[in-house]
Every structure is written in structure tokens, then in C-alpha cells.
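After this come two complexes, each holding chain A, first together with chain B and then together with chain C.
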Partner chain A sequence: MLEIQNIEVKYGKATVLHDVSISIQQGEIVTILGSNGSGKTTIMRSILGLAPIVTGQITFLGEKINHLKPHQIVTKGIVVVPEGRGIFPKLSVEENLRTGYVFFENDKEKMNQNIQDAYSRFPILGQRHNQLAGTLSGGEQTMLAVSRAMMRKPKLLLMDEPSLGLSPKLVQQTFSIIKELHETGTSILLIEQNAVKALAICNRGYILQKGKVVLSGDKQELISDEGVRKAYFAM
Partner chain B sequence: MNTFFQLFISALLVSSLYTLVAVGFTMYVGVINLANFSHGDTCVMGTFLLMPIFLFATKMGWLSAGAGLLIPVIIILVMLLTGLWGAGIYKILVKPLLVAPRLILLLASVAAGQVIREAIRVIYPNGSNPQVFPKLLPSGILEISGLRFGYDSLTIIFLSVICIISLNFIIKRTKMGLAMRAVSQNSDVSQMMGINIEKTIITVFIIGSALAGLAGILNGAFYGITKFNLGSNLGIKGFSAAVIGGLGDFQGAIVGGVLLGFIEVFAAAYIPNGSQYQDVFSFLAVIAFLIFRPSGILGEKIFEKV
Partner chain C sequence: MNPIKMNDSTTNRTLNRIITPILLIVVVASVYLVVVYENVITTIAGLLLGVGVFFGYSRYPKLKESVNDGIKKDKVYLIITGLILAFIIPLTTRTQPYIIHILIIAEISIILALGLNFQVGSTGIPNLGYAAFYGVGAYASALLSTKFGMSFWVSLLAAGFIAAFFGWLVGLPTLRTRSYHMALVSIAFGLVTYIMLNNLVFTGGPNGIKNIPAPEIFGWSLFSTIRLFGNSFPVQINFYYFVLLFLVLMLAIAFFVYNSKIGLFWNAVREDEIAAKCSGINTAKLKLLSFAMGAFLAGIAGSLYAHYIGYISPENFNFNTSLQVLGMVIMGGLDNIVGVSIGAFILSVAPEKFRSLADFRMLATGLIILLMLMFRSSGIIRQQIREYKKSHFRTELANKDEGNG
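Presenting the complex of A and B:
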């Protein structure tokens, strides 16, 4: 459903992505692994139209999207959990949830239903619905970012290191939500540093190094690869 | 006690004008982090747009037919025109420079202000000199148990309060308002949430400039005079109010505007020879805020947790 074909991204003179091609089929969880500075987040920004793409193209559901504005791209059915959660600190919890809905659809009843669903999933958000999101703890902010992403039924969910800085319990919880979303038919692109977790739930994956895809394959291929084992599993 | 109440009303009047300027100023800072120094000149542009229209309406005899209805229509028309100017400023000046360092954009806005001032001076007949501004506001005095309130001051205060309340409603309760607040906090993530940031920023420029136009007109109508270079003072006052309240914070601009107005009026009244130093007191307050509380009264910083 998402096809990234040979894109090159440059910030000024620095090339951040070299000839990267990635594809996601309907219903898949695809993960992109790589260390800091390998270009993971840039891939995400390229998909969303927030990075300067020099060559190559990106298509979503058969339609070329890399000339569109970011807000037009997400309207096609892409939902994002941004790097560092990207919640709006000076909006209340409930307003944050609303930002995940009102700019796409106009159905007030459905929006309130979705907000209630979020509160029953994470009761703590319900208790704090009037509180400014910036006053939440890190874990609660992640719950909020994930809930906001689920306000709209996405065709494709992009997640940029959702587990960063979370306690093991919350990491567990986050990944079970990802799994749950996947089971309802959402395709997911998961960018992660937590390779063990990410490889455990993905169908396929790509390994990124210095802006190049150095390895790609399905779950088993990646797990059994010598280089991956050395780099991510320390064995 | 009577003097106190009279001063209170004067202070509210001054506060109203400052607040109308300050909210626009602070909204620009909010959405694109720009201190737009042409904002005060936009106010004055409002007065110089109004005068020819008013003159024309008088010549056509429309004014004598129904002044009560026509004056609000003219004022709204001028607000639309300055709003349009705001949109133009965004399209022509701000948008191409958004990628440049903010200092460049700030200098460009100073230049835009200069363009307005000089254009008025050159184009308007006898533009270098002060112009008599039409008395748009109801005249007369309301007397309640020894207290005298001018209908003109009361009208200005009333109009400003209505504007601020409506704007507050837009910001707090509407989809566009939610977009404005989201963009002012994180424009990248706002786009990921499907917000059209260009539309949002343009709306802010239209609203801010329309309110500036109104502030200029009310200011001119109250003092009965306008001049091509009055804008720098109004702009600086609006900027000061925004700084006192917390740059980028909408409610802060209101608090700042009110506080600045009260400082000026009461300092002038209660400090010996104070009226000569009116501006000194307000700028001292700004300097004090910049040193001791640069985030302003309401500009509380909430750090993103990691």
C-alpha cells in the first residue's frame, strides 16, 4: 500500500538518505531498525512530506504523494505517532485527543465515542481529561499520543520509537496495543531501537545504516542474520 | 474616590486600545514566532483608509441619511481592508522568508512598517502633517451620581471587550482556534494531525490586522487626530503589553494590555509630574519584566518530558 522508491533526501549538502526503497503491503507490520542518525526519522518525515526529497517517489494506495502538502498526505489515511510523542503540552488531554479527529472528519458523536473509548482503555487519561498534557508523566504522554493516533481509523499507522524512555511495563503495553491495532487490519510502519520487541511482532523489516538500507527481509531472515544478531542481540 | 473611578475608566480606555494591538502581536509570535514590527503601522493604515471612505460617504450625503448604521459599516469595511493587507503581508513577505532565520523576517517587518509610513506621507494629501480624524463615536457624557463617563470612552471599552470575547471564543471553542493553538505549540506535529498550517497562519494575519485597523480607528476617533508616524508608538505599546503578558500567550496579551494601561494612567495621576513620564513608566515595567520574568505573567514554560 505504501511504496517508497529510490528516494534520496538532502539537507543542504548533506545527503541523509541514499537510494532508499521500502514497501509496506496491506495488513503488514514492517519495522525499520537502525542506530541514532541512521536516517530512520527522515524516512518518516519523507513519507509525510516534511523532508526535502531530491529524487525518487513515494506512492500510497497507488497514488503519488511526494508532491503533496503534509496535511493532504495524512488525509489519505495515514496516522502518526511522532518521535518524542509530539503531544501538544499546552492543550488539555481532551483537546489533544480532538486534534487527532476534527481536522479529518466532522462527526461529533463519533468523536466523543472515540474519546470515551480512549478513556476506557487508559482510565488515567479520563481522570485527567481537563489537565494540560504537558503536566502528564512520560508514560501518560505516550498513552495520550497512542490514543490520539487511534481517534481516527487509519489505513497506515506510522510509529516513531513509541517505546523510547518508557518503563518495561509500559513498553509491554505499547507493543500489545500495536499488536491489537494490527489485528484489526491496520498496516503499521514501526521505527524502533528496541530491536528485540520490534522483531518479535513484525512481519518484515529493514536495517538502516548511514542512510542506506543494508539488509531487508522477513522476520526469520532478520533474526537469523549474523550481523543483526551481533548488533542487536549481543550474541 | 471619585477621581479614582474617573481614572479607572481612563485606564480601561487606554488598556482596551493596547489590548487590541497586543493580541494581534502575540498571535503572530504564537504561530510563526515572529515579532511583527509593522503591526503598529497597520493600525495607522486603518485610519488613513477610513478617512477617504468617510469623506466620500459624506459627500454622497449617505452619512446624514443614517450615520448610526453607516459608521459601523465603514469601520467593518476598513477592518476587512486591513485584514486583506495582513493576508497580503503573509503571502508576499512572510511566506517566502519563513525558511530564513527569524531575524531576517523581523527586519522585513520593520521595513514593511516603513513602507506604510512613507506611502501615507507621499500618497495622502498633505500626508506629513497631522490629520483631523472624523468624530465617529457618540458624543455626550453619562452622569451617574457625580461620576462622568464620556460615551466615546464607554463605546471604545465596550467594542474592545466584545472583540476580545469573540476572539477568545474562536480560540477556545472552534476548530480553527484549536488549529491555531496546535500550530503555535508544534507546527510539524500539527501538520501530521491534518492541519493546513498555511490557512491557519493566514487566518491569524487577517484577524490580527483587522483588529489593528480597529484599534487605529478607535484611537484616532477618540483623540480626533491621526498622523502617518503614530504607528511606532502604538506598535511599541502593543509589543510591550504582549511582553508583559508573555509573548505568544493570548490571555497574557489581555492581562499585559490592561496592566500597561493602568500603570500609565495611574502613574501619570499619582506621581508628581508623572504625566510627562507616562511612557517612561510603561517601558520601565517592560524592562523589569524582560529582566526578572522574561516569560511574562502568564507565559509559564512547560517543558516537554522525555
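Presenting the complex of A and C:
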């Protein structure tokens, strides 16, 4: 559904992405792995229309989407959980959820239905609907960030390093949330540093190094690859 | 709703309902003491009463809870009572036009502060040049009615829209600049406007504009005295009710916007702009809207001020005025409409009441702000969580969970 074709991104004179091509099919979890500064987040930014794309193009469901503004891209059905969860700490849980449901179709019934769905997926959020989001625990904040993204019923969910800076227990929780979402039929593009966990739940993956895709393939291929084992599994 | 609260004793509930009116009476009494009586002792007594109530409220959680509960339940009655009080109080002081003048200035200040709150409170964009919009509105309205002979109503609307246009214009740089940089841009805009008003020929330079006609309603000028039951009322009272009408309208708009999606999305932009973009919020449009709407309110306030006083000069709209309005918003409580209104009321009345202190009156005002921010840095009333109806399923879920645990 999402096709990134040979894009090159430059910040000033520095080329951050060289000729990167990535594709995601309906119903897949695809992961992009890479170390710091390899250009993972830039891929996310270019899908969202926040990075300057020099050449190449991005199509979503057959439609060209580079040069669209972020809010227009969101209306196409791509929703992002930004790095560090991106919840609004001084708004309540319910207010946070409501920000996820934006203008273009002003259907109150549908919004209430989506809020109800969020609360039945994570009942703890329903109990805390009047609590400030900043006072939630880390795991609950992840639930909230995911629920807010799901308010749009996205066709494709992008997650930018959801496990960054979380304790091992929360990382575990976060990945099980992602797995659950995938089982309900959402396509997910997961950008991660935690290769072990990401490879465990993905269908396919890409490995990024210094702005280039150095390896791609399905789960088994990547896990058994010599280079990946050396770099990420220390074996 | 909540099963725990259901079990509360009924005495507690009746107490909740009594305590709000009692508190209201005390607050009104303190305001009345401070504002109406021209006497240092009553002023201080009223202030102490008000501060005492406030401290009691914020120090005792139980009292706070009862009051909040009472306010939530009797919202409609409170609004009606407030309106009646706002209607009656000036009638009791009709022999003192000066007091009514203070109240009118307070009303205009509240409209101003509500406008600035859209930017500073809701959207979190600093604006230190807000007086420029106020000035643009006042000058636009004054020029249209003195030089072009337009009626007050046309000038008023034009003032609002011209100010809104300038707001939109100043909003443009906010799409690229942030925090301190934006503060500098807004200061620059304020200064440029002030200097222009001071030096352009058609604005009358430092002499300003004189003889601005009073508003007319169906040919009846607000500068004519009303006689009723053998009593004559000062002309200020006409203006008081006239401005009150606008104030109520603006408050209604502010509440409506706050509770609508626009208010919520403004908050989202304030909290985290990138995340707001990721949720699909058109941040650029919303930021411009907050500037245009805020400036529109300033323009209306400026027009009302110009036609009330009848004379304006650039000195009314300098950097100092911007800071005063900013003080009202911050002291009242960012993005709390009631709080902002209270802040605006206090900071516009205080300097007038401290006139007996002569040169020290601004010092006294400064002291109020300082004490306020020391003891309650988040403002008089901080932003409240929006409560939404349609909570049946939530309660259901909560009940289920409590049954299990």
C-alpha cells in the first residue's frame, strides 16, 4: 500500500537518505532497523511530508503523497505515533483522544464510538479518562498514544521508536500492544533500534546504515543473516 | 455517576449546595467593599475578605471539593445570579459616576484579556505587542466615524475586522518562529504600531483623535441622560450596560470556542506541535486563527473604548498596555476564562483604587502581582479539564472493574 521509491533527502548540503526504497503491503508489520543517525526518523519525516525530498517519490494506495502537508497525509489514512509517544501531558486522557479525531468528517457518533472502542481495548484508560495524561504511567501513556492514533482508524500506522527510553517491562508491554493492533488488521511500519524485539514481531524488515538500505528481506532471512547477527545479536 | 460518591451522606450534599451561595455572597460583598466605597479601610477590609475566602478555598481540600461540586451542579443558577448582580450593582452607585467608569474600564479589560488568552493561554504563543491590535481597532473606529462619518456600528465591525487582519498578518511569522523569537517579533510589531500612530498625519500624531461621537442606538445617543421614576442616572450607566452586552457576548464566544474542537486543538498545538501535526491537526491554520480571533476581540474593545472616552492618543496603546493585559491573563490563569476575567477585573480596578497612594499606586499593583505569583504561580484559577457528556460506557467499564477488584 505504501511505496517509497528511490528517495533522496538532503538537510542543507548533507545527504541523509541515499536512494532508499521501501514498500509495505496490506496487513503487514514492516520494521526498519538501524543505529543512531542512520536515517530512520528521516524516513518517517519524509512519509509525513516534514523532510525535504530531492528526488524520488512516495505513493500511498497508488496516489502520490510527497509535497502534501502533514495534516493532509493524515487524512489519507496514515497516522503516526511520534518518537517519545507525543501525548499532550496537560490535557486529560479523553481530551487527548479527541484531538486524534480531526475536522474532516465531523461525525460525533463515530467519534464517541471510537472513544468507546479505545476504552474497551484499554479499560484502564476508561477509568482514568479525566486524569491528566502526564500523570499516567509509562505503559498507560503508550496505550494512550496508540489509542489516539487509532481514533482515525488508520490504514497504516507508523511508529517511531516506541520502545525508546522505556524500562524492559514497558518495552515488553509496548510490543505486545503493537502485536495486538496488528492482529486486529492494521498495517504497521515500525521504526526501531531494539532489533531483537522488532524482528520477533515483524513480517519483513529493512536494515538502514548511513542513509542506505543495506539489507532487506523477510523475518527469517534477516534473523539468519550473518551481518545482522553480528551487529544486533552480538553472536 | 460514580458509585463511591453515591454513598456519600445526604448532609454533605445539602452542604455542597448551600456553601456555594454563601461563598458567592461573601465574594460579592468583598468586591462591593473594594470597588464601591471610596475609603481605604473598606478597601483593605474587602481585600482581606477576598483573600481569606481564596486561601480557605485553596488550603482546605474538603471545602474546595464541596464548592466545585456546588458550582458544577448549579452552573445555570450561578450564571443567572451573576448576570443579575452585574445588572444591579451599578444602580446602587448611580450617585458616583467615577465608580461606574472604573467598572466600564474593567469590562473593556476583560474583553481584551479574553482575546489575548486565545494566543497566550490556549495556543501558547507569546504576544507582547497586543496593545497594537487594541490601538488599531480604536484608531480604525475613531477615524471611520470622525473623518468618514460612518455610524458607530459600521465602525465597530470594521475595527474588529481590520484588527483581525493585522492579527493574521502578525500571526504569519509564528509559523516559522517560536517562543523568545516570537516574543521579539510581537514587541517589534507593538513598537512599530505605536511609532506609526505617533507620527502619521492622519492619525493626529501625539495629539490623537478628539471628539469621537458616542454610539447611537436607533438615533438615541448614549450620551443622553436617562430619567426614571424621578431619578436621573449618569451617562456612564448607559455605557456600562452597553459594554456589558458586548462582554456577555464575548464571554459566550470564548466559552463556546474553548469547549469546541478549536479550543482543544489550540491546546494540542501548545502542548506539542509535532504531535499535533501527527494527529492531523492543521497547526498553521489554527495558529493564524488564534491571532485573528484574539485581535478581533482587541479591535472590538478598542472601538468601545474610543467611543466611550471620546478621545484617544498613542499613549493609550503603548508597550505598557500590552504588559498589563499579559499580566491579567497570566495572573488570572492561562486558558481559564473565568480566571482570566477575574484577573482582568482585579488588575484594572486595583490601580484606580490605589489612587490615594499617589505615586506608589503602580508599586501597589506590582505588589499584588508579585504576591499572587509567589503564592499561586499558576494563576487564580488554573485550566480545568473539559468534561464531556456521553460518559455512560465509561462508568460501565469503571463499575465492572470495581466489581472485580
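Quick note on the criterion: the second predicted complex is superposed on the first by the 226 of 235 C-alpha atoms of A that agree within 3 Å, B and C clash if a C-alpha of one lies under 4 Å from a C-alpha of the other, contacts with A are read in each partner's own complex, and residues count from 1 in each chain.
Simple rule for what comes next: contacts are C-beta pairs under 8 Å (C-beta built on N, C-alpha and C of every residue); 3 or more make two chains touch, one makes a residue touch a chain.
Because the structure is predicted, anything quoted here is derived from the model rather than measured.
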Given the superposition on chain A, are chain B and chain C in a clash or a fit? clash
In the overlay, answer first, second, both or neither for which of chain B and chain C A:Thr99 touches. both
Go through the superposed model and pick first if A:Gln141 touches only chain B, second if only chain C, both, or neither. first
Looking at A:Gly165 after the superposition, I want to know if it touches chain B, chain C, both of them or none. Which is it: first, second, both, neither? first
Looking at A:Pro70, would you say it contacts chain B, chain C, both, or neither? Reply first, second, both or neither. both
For A:Pro82, is the partner it touches chain B (first), chain C (second), both, or none of the two (neither)? both
Partner chain(s) touched by A:Asn112 [first = chain B, second = chain C, both, neither]: second
Mind working out whether A:Pro123 is in touch with chain B, chain C, both or neither, as first, second, both or neither? second
Pick out the shared contact residues on chain A: the ones touching chain B in one complex and chain C in the other. 48, 50, 69-71, 74-75, 80, 82, 86, 88-91, 95, 98-100, 102-103, 132, 148
Could you please specify the touching residues of chain A with respect to chain B in the complex? 48, 50, 69-71, 74-75, 80, 82, 84, 86, 88-91, 95, 98-100, 102-104, 132, 134-138, 141, 148, 165
With touch defined as at the start, can you tell me which chain C residues reach chain A in the complex? 261, 264-265, 267-268, 271-272, 274-283, 383, 385-388, 390-391, 393-394, 397-398, 400-401
Could you please specify the touching residues of chain B with respect to chain A in the complex? 175, 178-179, 181-182, 185-186, 188-198, 302-306
Hey, which residues of chain A end up touching chain C in the complex? 48, 50, 69-71, 74-75, 79-82, 86-92, 94-95, 98-100, 102-103, 112, 116, 119-120, 123, 126-127, 129-130, 132, 148-149, 152
